[in-house]
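Quick heads-up: structures coming right below.
Here subunit A shows up in two complexes: once beside subunit B, once beside subunit C.
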Partner chain A sequence: MKKYAFYLILLLLAVAFPFYIDGYLLHVFLTIFIFMTMALSWDMMLRTGQLSFANAGFFGMGGYVSMVTVSSLEIDPLLSLIFAVVFAAAVAFILGLPVLKLRGIYFAIVTLALAHVFEVIAMNLEITGGSTGMVLPEAIFGGDMQLLYWLVLGMALLTIGISEFFARSRMHYAMHSIRNDELTAQASGINVSRTLIIVFVTSSALQGLAGAIYVQQYAFVLPESTFSLDYLLLPIAMALVGGTLSTAGPVVGAIFLGLISEYLRLIMPYGHLLIYGLVIAVIILFMPGGIYKPVRNIILNRILNLGGAS
Partner chain B sequence: MDSVLKAEKITKEFGGLTAVDNITFSADKGEILGIIGPNGAGKTTVINVISGILPLTGGNITLKERQISDMPPHDRSRLGISRTFQTVRPLEKFTAMENIMVGALFGRELTKNKARERAESICDFLNLDRTDAHVDNLTVLELKKLELGRAMASEPEILFLDEVMAGLNSSETNEMIELIRKIKDRGVAVCVVEHVMKVVSELTDRVIVLDRGEIIARGRYEEVSKKEEVIAAYLGEEEENAED
Partner chain C sequence: MKISPQRSKLYLLLLLIGIVILGFWSPRALIFGLQRGSLYALIALPLALVLGIMDILNLSHGELLTVGLYLGYVLAINLGLDPLSSIIPVFVALAIFGGVIYMIAIKRVLGGGHLNQLLLTFGISIVLIESVNIIWTSRPRNIHVDYAGQSVEIMGITTGSYEFLYIFAAVAVFLLLRLFLKKTKLGQAVFAVGQNPKGAKIVGINVDFVYLFVFALASGLMGLTASIMLPRVSIFPETGNPFALISFSLVAMAGMGSINGILFAGISLGLAEAAVNSIPGYGGWSDIVFFGVLIIVIMAKNL
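What follows is the complex of A and B.
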């Protein structure tokens, strides 16, 4: 019970954040929740053993679909998020059918190439504004940071919910069996291709949503920045630092690295990325399982006095 | 006898090599069929094409009169074809219990609770005590039992056992023989690929002998083992080995 009370307090704190912190810190957490969604959705795919590099591609695609639908259909930005999610899911389904037949390094490299293809398409279409991108007259919710924060928090909670559903249902056994040994999985009656496509479509849809919300925050897209490698590499670093193959790991990793990077930026305007990279490298070298478990044990044992954590 | 599985003129080619060449056999409910033959005879390939891990080049497979030749492996598993692997392939992320649960969860589409109950009763049946142990910590015998348990969990019509005795000592082998007999008595057709001839003679009701992808003899082990072509196939293997 104590554990659930702890989570409930965290949740209430997160929901009430806009009432007691200033705009700057709110913006920091907003970004953290967007990256948390990216990290967790990437981890879902990893649980099936597939190393996907398509996240930045679906992130950018979601952003572009959202911008294009708002500007050409003149719909509310909030409604455009649905288009972004559906579009990303549909593309993931269609591309997933052939691409998910690939394994290991071949799957990884093809997903990386796909992400680049999306960028090239965005850069060359007229409707997406070509290489100069697009600008909308107004950000989502008319620029209201509080509403935007709750929207982003909702997305992060949805992602956590889906991740926990995957972790507690039959999907858990299917996903991890496929990663462990695909032949055994098949021989045990697991439909490998269906499992992979469900996870790929789900994670791509979440990445599309994250991109759409991110872009609507600034009401602006540009091919090289919307499809930036940051949206690929940072979420992966967050998942690795927090601990992969779980919900808690990427969540903790996103908060930890998000706060560290912001703090470093404040105390050293130049060269902060150097330290940031060093932190990531050191953690991955010396705590290959991520920081979540050690941190959890400290919280459970020392602070909550629950004891008996593994 | 009730034929559970019929393989008719099945063939499997790898490029120019014919690993299984136009063979026909059936397996019956409540009997133990042995598939024997020298190394490279195509025994494991037969299991692979029947369980669907490899596609057939030609021929027909029916399970209880139902055509399954073109089905993916997971569908065949759900319909009642189960197998173990020659080198055990446990799911390392999971405990022994969870490994067996996976077979029940997907092979029989049970809920998590039902699958756990089923896995527990299988562990009892197999005398597998350390159910919460991680796979890394299991002994060879326990791993073999785990592999067997996962295959049993889907309540198969036919169970293929690919060299389950390999690596076991003689008392462990005897325990395994008893287990396999009990599985047969539950009305499952059991099909064993086996190298240990003592096991084959004790366990099987009848055998088919494969050599270079073809069936060269079939019948009771005692009769078949005296046939000249069978002896020649095994002797040939020894000669080839001697040259190495």
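What follows is the complex of A and C.
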């Protein structure tokens, strides 16, 4: 019971945030929630044992779809988010049918290449503004930070909800047994390709949504910055730092690295991505489980004496 | 995943037909494609070597090229060394650099599964890009030497003469590597480890040393290529990125880890790119050729 009360307080705090803090900090948390969505959706795919590098691609695609629909159909930016999600999900479904038959390094390379294909397409089409990108006259909600914050928070909560659903339902067993031993999973009646498609489409749709909201926040797209390596690198670093294959890990990692990255940006405006690269390498080499579980155990055992560690 | 002899003959025939058609349609694209294709093959070779022998896909492959380019740049600017005469120092420096990376990081994930290997080399690649970014900033840099800018006329087509060096270097490196793998004791040990690491260990081969050697050699070869292409590219922290992706496509096309197929795959892709490039108005799409081929080839082989 204590646990749920704790989560409820956290949730209320997060919802009430805009009433207490100023513009800059709000912006920091907004960014953190967007990257949290990216980190969690990347982790979902990892739970099935597939390392995807396409998240930045779907992020950029969602951003572009949202921009194009707003500028050419002149619809409300909020409505364009739906287009972005549906488009990303549809592309993920169509591409996923063949691509998800690949495993290991093949899947990783093809997803890496796909992300670049999306960028090249955005750069060469006329409707997307080519290499100069596009600008909209107004940001989403007319630039209202509070509404935007709640929208982004809602997206992050939705992602956490989906992630928990994957972790608690029958999907959990399907995903984890595919990762551990695909042949056994198949033999015990798990529909491997259906499970993979569901997870891939879900995570890509979430990434498309994150990209669409992020782009609408600033009301402009540019091929290099919308498809930037940041949206691939940071989420991976966050999930790894927190601890992969769980909901809590990427969430904690996103908050932790998100706050640190703001500080780093202040003291090291140039090349702060270096730290993320180092973090990824060091975590893989020395602490493959991430920081969340060990830190949580220390807090639960030593400080609170609850003894509820696993 | 090795290509059978009959099929490789078929591929070779297709390539020859492609060359003839392209030669009639646009001789300029043919020459340009051959030059670029050799360069691509030269860059992809070390990746294939590491993948074939160590079974590791090195995502920091392109960044080794970037480091080599900057090293050549520093030697040229600070010591006045000509890019071509800096081949040996850059080769040695990069080989040592690769060896250090192997000892610090790669060695620890050799048995750790593809996921950790990919993520680790991805992390290394970011560290290298950003270190270069901090040291030299993101300003593009160029080295000018007179002989690299010259052009030559062949059958009425004017083309850069320096680029023919790519073809020569690619063929030379491939022949030397083959000779090394077949004729020397160390080369045979490398080959054996690539075939079966456990078996190699049992017959007394120092597998750990072979891995170190292969990674260092691959890094050194990247340094060699970097010195050769130095006068003809603009150097910035992300220079290596597109070449890394091209290398992935070549390796995928040649069959994972196959060294012989790389030259063939490189030239095919170089020609395909040059052909798309020569269609007026569609030059920007030529990047997609690689990724398209990469995706199609991987899909075709795995389905």
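The definition used in the following text is that the second predicted complex is superposed on the first by the 282 of 310 C-alpha atoms of A that agree within 3 Å, B and C clash if a C-alpha of one lies under 4 Å from a C-alpha of the other, contacts with A are read in each partner's own complex, and residues count from 1 in each chain.
Rule of thumb we're sticking to: a residue touches a chain if its C-beta (ideal position, glycine included) is under 8 Å from a C-beta of that chain, and two chains touch if they have at least 3 such contacts.
What you see is a predicted model; the values in this text were computed from it and never measured.
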Touched partner set for A:Leu26, first subunit B, second subunit C, both or neither: neither
Which of subunit B and subunit C A:Met287 touches, first, second, both or neither: neither
Partner chain(s) touched by A:Ala113 [first = subunit B, second = subunit C, both, neither]: second
First (subunit B), second (subunit C), both or neither touched by A:Arg170: first
First (subunit B), second (subunit C), both or neither touched by A:Gln186: first
Which of subunit B and subunit C A:Ile197 touches, first, second, both or neither: neither
Touching partner for A:Leu147 - first (subunit B), second (subunit C), both, neither: neither
Comparison of subunit B and subunit C by subunit A residues contacted: C
Residues of subunit A at both interfaces, subunit B in one complex, subunit C in the other: none
Contacting residues of subunit A [partner subunit B, same complex]: 169-170, 173-174, 176-177, 179-181, 183-192
Touch list for subunit C against partner subunit A, complex: 57, 105, 108-109, 114-116, 118-120, 122-131, 133-134, 137, 245, 248-249, 252, 256, 284-285, 287-288, 290-292, 294-295, 298-299, 302-303
Complex contact set, residues of subunit B against subunit A: 51-53, 72-74, 77-78, 82-83, 85, 89-94, 98, 101-103, 105-109, 112, 150-151, 153-154
Subunit C partner contacts - residues on subunit A that touch it in the complex: 46, 49, 51, 98-99, 101-102, 104-106, 108-110, 112-114, 116-117, 120-121, 123-124, 229, 233, 236, 240, 270-274, 276-281, 284-285, 288
